[in-house]
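Below are the structure tokens for one structure; questions will follow.
Chain nomenclature is as follows: A, B and C, assigned in order of appearance, with residue numbering initiated at 1 for each chain independently.
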Amino acid sequence: MNSIYAVLIDGTIYASWLFLVAAGLTVIYGVMRILNMAHGSFYAIGAYAAASMVGWYFNGDGAALPVWGSYLMLVVCALAAGLVVGLVIERGLLRLMYGRDEILMVIITYALLLILEDGMKMVWGVDPYMAYQPYAAMGRSVLGGLKVSNYDLALIVVSLVVGGGLWAWLERTNTGKVLRAVIHDREVAMAMGVNVALMFTLTFVLGTTLGALAGALTAPAISVAPGLGVEVIVLAFAVVVVGGLGSIEGAAAGALLVGLARAAAVHYAPELELFVIYGVMSLVLAVRPQGLFGRTLVRKI
Amino acid sequence: MMRLDRTELCLIAAAVVLAAGGLIAPGWLVFLLTMAFAKALVVQGVVMQMRAGLVSFGQGLFYCVGGYAVGMGGHFFGLTDLAVLLSAGVLAAMLLAMVLGLLLTRYRDIFFAMLSLAFSMILFGVLVKSPQLGSTDGFNVVSWTLFGWSPGKDAAPTTLLAVTLAASLAVALLLYRYVQAGVGVLCEAVRENEVRVEYLGLSPRWLLYSNYVAAAAVSALGGGLTALAAGHIDPEMAYWTTSGEFVFIALLGGTGHVAAPFLAALVFAVVRTYAIEFVPHSWQMILGFTLLGVIVFLPKGLWSLFSRAKAKGAAAS
Amino acid sequence: MTHTVSVTRKTLRRLSLTMAASALALAAVAPAQAAENGKFRLGIVTFLSGGAAGPFGVPSANAAKVVIDQLNAGALPAPYATKGINGAEIEMVLIDENGGATKQVEEFRNLVQRQKVDAVVGYISSGDCLAVSPVAEELGAMTVFYDCGTSRLFVENKAPKFVFRTGLDAAVDNIGAARYLAATRPNTTRYAGVQQNYSWGQDSWADFTAAMKQTLPKADAVESQMPKLFQGQYGAEISAVSVKRPEIVHSSLWGGDMEAFVLQASARGLLDDATAILTCGESALERYQGQAPNGTIVGARGPFGAFAPQNALNTWFTGVYQNAYQMAPTYPASKMAQAILGLKHAAEKAAKAPGEVPAPAAIAAAFKGANFESVSGTVQMSRADGHQALQGISYGEYHFDAKTKKAELKNVKSFSGSCVTPPDGTEAQDWIKAGFPGAKCE
């Protein structure tokens, strides 16, 4: 059969997932200059919240409830989890740390990662959660001989909407313009009367919510278990670095590149699958040290 | 003859005290000290680069090279001499660093961190794909000899502790001089402002390059000693979480003094051992809170406890 | 800058004092309680965090807790009715296995030298077993590996003295899987594999393909995929396997990875056309809820969990485990119970007087070559010079009744230990390639 075709479909599906995972990371870095190691934990929290609530939804009152309610549940869980976790961490901890060295901020989020990993275990235990109903209920389509899950196809649409929404928000709205001013020069923006603290809170909560949303939307297709978050961090980092830190278009391009490269490796050279992501990252950085869409930093004397 | 200043004499004294303590300490403590000091050497490599403003999230690469050199030397080439095995690791790491450094020194900040991580993960991938090296299970290290003398199983741990302490002392003394010497000072200048260093007619890239290679050598030494002590190596040594742990310890200690990484590695080992024992289900959380506490209250690391005390003392007198 | 280099002598003296003091403090804190308090201190090491905690580690730790409590209460059926171990109360020291082999060596030394445990039962990861085994021999510490499956364990530890394994070698899983397919699906011509890309997956696939060449020589391996450990997303792998149209998909995936793979492969239709054979499939028996198609072949790495036979010990164990945790024990739980019972058997055989805690060497001597009763039937320690358990293996088909919401196993086939285990001194791969010489199958 036509493998190129399969590579395109598999690669696009994987890329859409990668983009969802990486979007929150790049938003937070773009505005706040924090490379958030705890991003994977936000992803895992979203997944746990969604999986446990969907499980409750279907088990609680018999099987009579309509399936569409569970899709709503996924999104609501992600928003709630992202909002609560984001606000608590930003207001309770990060706010006190602004202005510290960038590297120190990375390590603070690393400490957060360690704490959240065990925290999740305390809340949800270690037993895996399976919330397969939303995934199974959508059925599958046959695209040119290849059976594809409709849920996966829907994820492509969702990531297009999320990406388009973020772009429109940054480029077309007033808040977005202010945010871009903060990205461009924090100090000048502050001098012009921008409430940078508020912008930071907004950005961080947006970032955590995106992370949680990625987790919540992934939950139905997987088994949600401890260690979930740690596995996606490096992946998300790689995508963001390839695309250029802080750039939405970059994250999309990076996700597509990594996704297609990985799918091609699986189909043509399974032996190389383990190296693909790092290989793509090294190659891109060797040619473009700031990533595909990264801005070159002005050197200060 | 080389003149030693007070700091150096104190470092020597600390090493001698610890080595003497190793003779009477129980077996598990000897092992804990050996592992902590071996790890501290890897952390020294991280700290050397931190002084120049670069954070390596891939120092596990050289830790792993050092460890595998020891393991493979014994397994495939029949080498058992400790000094030969360790030197092989250091040499291999330096050669590798000389090649990678050409590319890596073009990068700063997070790009350096991520690219160093990528190289480390590529080594991890290669090892996982090598069934003759035991893939992820790794393999056991053969027992070592020292200049033809083979320590029995009773003398081996204490001897290895003594060797580790001696290596740590040598590295500490060298680094102490290095930090004070021109190159060391210039590394800090590069961190503060690279362009100004260029205006002085110096090449920051060359500085960072030699610093990178030196850091690789120190880290490989730590990796080799860890392999000898633990008696087993596996690709996890090159996994990014291992490198993350080294950065963790580096920040715990701070970059204030050559002794800081040793202190931090010791504190880390003790905290982790007891956290695992008393709260087996959530020891990571304890580590996380420890790190947060240190960052919030001692932003310059544990070492600032000492320098702060010193500043107070100076103010009082 | 200057402050970094000019530190007074006072500060450094303080540093060396701190280091010495912390070392001394550590030595002082170290409990001297140990052996002398008349209790049997038992170290239990298993995954309490990370991906292996949910499916394996925590069920094992739970099993250890409930078995030890019951032993201390003297509530077991014969032949284990004596309280604790030989009348001595058992005190459990639980350690997390997460964090890599180097750390496990450190923790093992802590257990033996500082905590002064009388024996250690544990280890799921093969890397940890390989690293701990020489240390156990060096320290003379009685050690029972209950789960790790690497064939290399007794190849590298050629003359074991203190190291025992009551779980089975992973080669057994895959030889058993090939035999099950030969017995139930003799017309198979195309099979594929999906394994995690690490030692366990690589070894499993090597053993399985070699065994298939013997049991079903007409079948071809048409595709092999090795996604990385904990990948969770198998879209591309499923496509790549699907296009090769296999009849059988062999997989040694475990835990969350295995569940995610089954879910996705089932939704993508791969499992409509092909039957999966999952060597670790039993651990999720209660969680599939029909998401694994009926007829999916699952194994439990031996006669454990749902494959355990009906006997007084298993009825007792299932009862107390169900009572304590509201679910039936899965195979890791049974294996943990088996290891503790084996240790109790050996220690009591070695003891001269009631209440005595025998020395490790005495327990080891009694354990060597022992036959003991377990939740999985009679276990013979008859391989690796009496240090490795010999048991059979079973596979069966998963069937889910949508009305009762109950899962059951059909078409269960068991193969005796000597049918699937290489004799002493022969490496698994060589034995398979030679066509299983000397295998006795009923």
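Everything below uses one rule, namely that a contact is a pair of C-beta atoms (placed from the backbone, for glycine too) under 8 Å apart; a residue touches a chain by one contact, two chains touch by 3 or more.
The chain lineup, named per UniProt: A, B = Branched-chain amino acid transport system permease protein; C = Branched-chain amino acid transport system substrate-binding protein.
Predicted model only: the values in this text are computed from it and were never measured.
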{"item": "Joint neighbours of chain C and chain B, given as chain labels", "value": "A"}
{"item": "Highest C-beta pair count, chain pair", "value": "B-C"}
{"item": "Centre distance in Å when chain A and chain C are each reduced to the mean of their C-alpha atoms", "value": "35"}
{"item": "Distance between the centres, which are taken as Cα means, of chain B and chain A, whole angstrom", "value": "33"}
{"item": "Residues of chain C touching at least two other chains", "value": "48-49, 197"}
{"item": "Chain B residues counted as touching two or more neighbouring chains", "value": "128-129, 281, 283-284"}
{"item": "Set of chain A residues in contact with two or more other chains", "value": "117-118, 121, 271, 274"}
{"item": "Sites on chain B touched by chain C in the complex", "value": "6-7, 9-11, 13-14, 17-18, 21, 25-29, 31-33, 35, 128-129, 131, 134-140, 153, 176, 179-180, 185, 188, 226, 230-232, 234, 236-237, 242, 255-257, 259, 262-263, 266-267, 270, 273, 276-277, 280-281, 283-284, 306-307, 309-311, 313"}
{"item": "Residues of chain A touching chain B in the complex", "value": "35, 93, 96-97, 100, 102-104, 106-108, 110-115, 117-119, 121-122, 230, 234, 237-238, 241, 245, 271, 274-275, 278-279, 281-282, 285-286, 289-291, 299-301"}
{"item": "Touch list for chain C against partner chain A, complex", "value": "48-51, 53-55, 57-58, 197, 224-228, 230-233, 235-237, 239-240, 242-243, 255-257, 259-260, 263-264, 266-270, 284, 287, 289, 291"}
{"item": "For the chain A and chain C complex, residues of the former touching the latter", "value": "1, 3, 6-7, 9-11, 13-14, 17, 117-118, 121, 125-128, 130, 132, 135-136, 140, 146-149, 151-152, 218, 221-228, 231, 262-263, 266-267, 270-271, 273-274"}
{"item": "Parts of chain B lying in touch with chain A, wherever the complex brings them together", "value": "50, 55, 103, 106-107, 109-111, 113-115, 117-119, 121-122, 125, 128-129, 193-196, 240-241, 244, 247-248, 251, 281-285, 287-289, 291-292, 295-296, 299"}
